[in-house]
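Two complexes follow with subunit A in common, the first pairing it with subunit B and the second with subunit C.
Moving on, here comes the complex of A and B:
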């Protein structure tokens, strides 16, 4: 068990960051301007705060039960059967989420880059990659995330910085946006973009110092929050809110409109897509890993490795169900709003009940 | 020792293995360069009367499957000929054949842009590829009817870059596809570099198709495009800015009024020259602006937005026509600066009035209202149409200052 408890604070933060930053980066500014026009950066910030509430609940829970997994302590807190239902619901949610991530990845690739490659191939390749990688233990999982996180963060920041030379401040003023009514719904939509933070649940029991988990949560949220706000601000200040509303994937368009100084590269969308594929892989990897890890905990299996290929066909079929990109987005927004119940409300309720019933796990 | 060698060999083996793996990969979307028809330029005109007869039944059967109720357009493309595009300065007519055509110009008719592209694809073997599209020329006649359809087509196409130039031509746009300027082997690239250089020299604001789209979609701003015409020797002149209301072109400025736009926006470097009369008007001095700065303030006066434009230009003296008054003391220079301020102010007033008359706020004054006076925007404006109405009647204050910095290498 000892070699399973080695994840450091930095690694935990890296895992969370690269899980959160994923497929949603491309449509992020679109969601933000739909909610609040020029107030998009503000909405992103508020969405991050709401997501942090969820992460806070999860981390506190995790620190309360440093030895048990999510599934195990929800059974302790609210009873065996209720806990199992909760566990099953979250497993189903993350399974669906991973299939949607894979599908959205496929849609972007087919629309913008590889037009002749069948959608099935791109989706299947991504799922296979996740399936192969998730056979290993949680340390490998953490190392893979730690390795990739700089490759996601640095180029993303670079693109944002380079695009700023076309930016106009007027586009992101007034800070509140011109239509305040959309903001509350926008906060909810935007907080779903941060849903990847649930991975903290899985990481905490494997941390060598679980009492420091809150530190990695705060760092992870801060870094992704800043990155997201920067991406949204850059996109809106370059294109203007109205034009951003017309773009399916504004961030990709931003990369397309940005060039390296002295025209070394006239457009950065190729660079950006490479980064983005990495980001998608890490998030999909997390969703996938979480799904099979939780199933193995739910059924008290010793190892989750064998499950990784077992669920693949199911996820693939799920991913193929939406008829079109628009349909996919509709499904996605319903699922991710449902996800708020699982990622914010459920841990919140668990935490309160645990406090009331004075349940606490053994310290390690 | 021996273990080290074997480790090294293992590493080498792995590297070889990895490298050979990379050779084994393929690509579903692989397409050889000669299989593509690389489109460098597109031009769009309204079609002639006889176009209907020329249209083949490619996208629809005549009379049975209804065609879109749009007037026919004539679309021309400039396609790069593989192997003929010079890759560097060293490769010029190496085979002694002299002037070889680098591009192929084709034209088709269609009801919409995509319809026309379909008709074109029907007669070309390679697949049309828009990744290198640099210029789109639209005739004034077509632009005045509205270019929503064109914008939509280009917006949707993932290959088109936002850094292409969209321009409006005086007269037939097709002529710009066929013109072959001498300075550049590829005509479309010459057109694009005419505008790129104009931006670099301060003669035109940077206004790629992406910027145009952003400007037109904003609620408090309208788009504008370069207005060009063909001169002697197949050359192209930027002869103003075509300004829009929504997707419809509504007017065009004079070339010197582009300078007015640049002054209002404070875009440097400055590139225009002006003529200043001093003394009894018999002597004129030509000045050259070098630097511009500007600030626009908005406040609400009597329920209407009021803008204060504060602009500064720095100028150099370039020449004078006679020696009656020497420019050898700062008093004279100040007088020249005052004269210049007056003429710039007049230029600005004229330009702004021109756009006000057509309700086309190409400067983005409305965006300033939206950003800085959100409560006024919310209660009075809200939509682009409403802003157009208000823009007609807004008032301006001009505070133009101008400073003569240099007089060249001559002492007097």
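Moving on, here comes the complex of A and C:
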């Protein structure tokens, strides 16, 4: 049995879903509302479509080169040095992304639950968790994502379902929103929320049937898209667009506003946050894994395991660089817009060049 | 049960025997001598001077000097007297033994004289001594260069009883005993098919324990059989006293707290697992069979699940799973909520908790840890104590100390309730080793909960889960069938599917034969459609 080629379509979809759904969900409705007021669900949908374009490029690329890692085939397509620069940029992007994920979640935890704990500790705990787990091989990576994906989807859906009793349909009307002009910029912002789909690049070479990768991409995008639209609609319909703008993490507020039937638990926010640790962990884990896996591919290392603790201090320092939460959000939006170049434009360019130069990987 | 022809009896003795021969004679390849005295002294030299070693001299057919050698406490004296000594002394009536030519003596003894089916002649000293040690008797005769080995082994063994650790309400009452032969016969009794295979080997340079690997030919994946065989063959140890010894040598991850090989003392459980495509390992002297590969879900399943109605047993299985999860996270959740997020629980309950904790001087983490540790001590003490005192101690320990601890302000009543629930939860898990793992893992979780609250509990659970997800047992992912994503197999994961629907063997074991029942079982069991006892209709033949 080939240890490295066993990921199934379901597993690939689960990896993508649990990577995409992460800490960004907490602030997702805020971004959507800022862009398009009551048109937030629509903007989310359009953002998903844009993200799917990127995922589509990426999956086609992966299916074209089913045996090579992303670093390897970008070297084949655009030449050794350009490819390496592209690879290095994406590694850097994902390293920064993982530190930002850890930092943002650390902020959430410190603000909402552990008010007396230093930020450094919560960030470090998250990074350590990812570092510990990312020493394993890619099959375990897929197993971990598959296992957690229901624990990510179910609580989110539960919150949405329970909040519906406070919902006002008037709050999400008109569907187009009041400010049509904000929508194009909003689409771009929203599509950055889906950036985790980049992990498909790493997964496809390990799939047992790479030719079916498109199926898992479509499923993954569909499920996360529906989930995001539901969360945005629920938040906006409960709080209304104007109020949502004032909330730092609207999804967390949504959890706070809902209660379980029969009054088993007084509040849900801490529980939601606790369960949400898994979602954040899987996203962080993916970014972390992608970073060290790609570094090992770039330098042609046999094993990525030894890198996992090596990059930990760098990521920790990166995570602590933003001065405050506001600064963090600014950095975050700049970085993720830059990320669009890497996650949509770069694969698109690669795909076009590969088609023009008629480069194609050996089929397995 | 005879083991005279089992593998291993012809294996050369190892270097220990060489050192037992100070005069440099290599007993390994030595044949016995024609001279009886010399043969006896050679055997005695190997076996040393033990008082239970009997050398009984007599005359075969009243004329040829001979000796009977055996260890007195391992042999059946009735067999020795009636089927060996008696015929050998008198000789067969239909043959004139007085004029027997010397070269026909052996043939006559083997073919016409002895009343025993399991006897053969042998020259090698090492084989003779090995068999003597196993409880067989040896007859050596003056002038013959071969000795006769006869099966006379008799080891006292206990009766087959109800399994002590795995009791069921509905199901077989048989449990394994220590003797390997009896255990294999218990398996064969349930699997009367030529597909049931037993491969045996000897492990342990001193104990020479017989180890039997059982599997179903045509079901079990040959890769698994080969891997088990390979791992067993690689073991070099002086003694194998229990199957637990082997477990530690052949498991995949030695540092994991979770058991990767299941053990059982129920033959029916072993048979069920063999039929699913697993391999069972039995050791002579151990009433516990090992089953590999093992997945986590096996630890909360019992035989009984499959003998009772499926809807009800599904519910019971779910409750067992809840108990398992409880025993892991309950105390840490309590600590986390009490010390960090009391706003989560309903106000009335929060008031009650606060009232109960009013006199307790410690933080919740210390309080829970103290009570938990004393609970572990009590439990260990109850197991080790003789049964006559054990019951008394558990009542005194748990009730009196628990009550007194609350009265003294050591612990709040709710803490005691939580710990009691946790402890009971850990007892509800059928597999002791899995329960033990979760039981001890809750201590780090409590500490994490005391430091980081719910966030810490989640971090701990994620660490444990990631560890479980990376574990494998003989190449099978530990959380199968949930995690490689086999939806067919999930019917038997949290709940139990109806037997007629579980058509396939677990696919994560990659069995050769995939299905275990006919194709149309679902329609076949749909009996309600035929109304055989309906009242007679004039134009209908139904309902005689």
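As a working rule, the second predicted complex is superposed on the first by the 363 of 364 C-alpha atoms of A that agree within 3 Å, B and C clash if a C-alpha of one lies under 4 Å from a C-alpha of the other, contacts with A are read in each partner's own complex, and residues count from 1 in each chain.
Here is the rule we use: a residue touches a chain if its C-beta (ideal position, glycine included) is under 8 Å from a C-beta of that chain, and two chains touch if they have at least 3 such contacts.
Keep in mind the model is a prediction, meaning the values are calculated, not measured.
A.B. asks: Mind checking subunit B and subunit C on superposed subunit A, clash or fit?
C.D. replies: Because the two structures are overlaid on the shared chain, the partners are seen to clash.
A.B. asks: Touch test for A:253: subunit B only (first), subunit C only (second), both, or neither?
C.D. replies: first
A.B. asks: For A:267, decide between first (touching subunit B), second (touching subunit C), both and neither.
C.D. replies: In the superposition, A:267 touches subunit B and subunit C alike.
A.B. asks: Just subunit B (first), just subunit C (second), both, or neither: which does A:140 touch?
C.D. replies: In the superposition, A:140 touches subunit C alone.
A.B. asks: Identify the partner contact of A:348: answer first if only subunit B is touched, second if only subunit C is, both if each is, neither if none is.
C.D. replies: A:348 contacts neither subunit B nor subunit C.
A.B. asks: Just checking: does A:114 make contact with subunit B only, subunit C only, both, or neither of them? Give me first, second, both or neither.
C.D. replies: both
A.B. asks: If we overlay the two complexes on their shared chain A, which of subunit B and subunit C does A:305 touch? Say first, second, both or neither.
C.D. replies: In the superposition, A:305 contacts neither subunit B nor subunit C.
A.B. asks: Of the residues on subunit A, which ones does subunit B touch that subunit C also touches?
C.D. replies: 113-114, 117, 266-267
A.B. asks: Taking the touch rule as given, give the residues of subunit B at its contact with subunit A in the complex, in rising order.
C.D. replies: Result: residues 27-29, 155, 158, 161-163, 210, 213-215, 217-219, 364, 367-368, 370-372, 374, 377-378, 382 of subunit B touch subunit A.
A.B. asks: Which part of subunit A faces subunit B closely enough to touch in the complex?
C.D. replies: Residue list for subunit A touching subunit B: 38, 111-118, 121, 170-171, 173-174, 176, 178, 238-240, 242-243, 245-246, 253, 256-257, 259, 266-267.
A.B. asks: Over in the complex, which subunit C residues touch subunit A? Could you list them?
C.D. replies: 340-341, 343-347, 350, 452-455, 457-459, 462-463, 465-466, 469-470, 475, 477, 479, 482-485
A.B. asks: How about subunit A: which of its residues touch subunit C in the complex?
C.D. replies: Residues 1, 6, 8, 10-11, 14, 109, 113-114, 117, 122, 125, 129, 132-133, 136, 140, 143-144, 146-148, 263-267, 270-271, 273-275, 277-278, 281 of subunit A touch subunit C in their complex.
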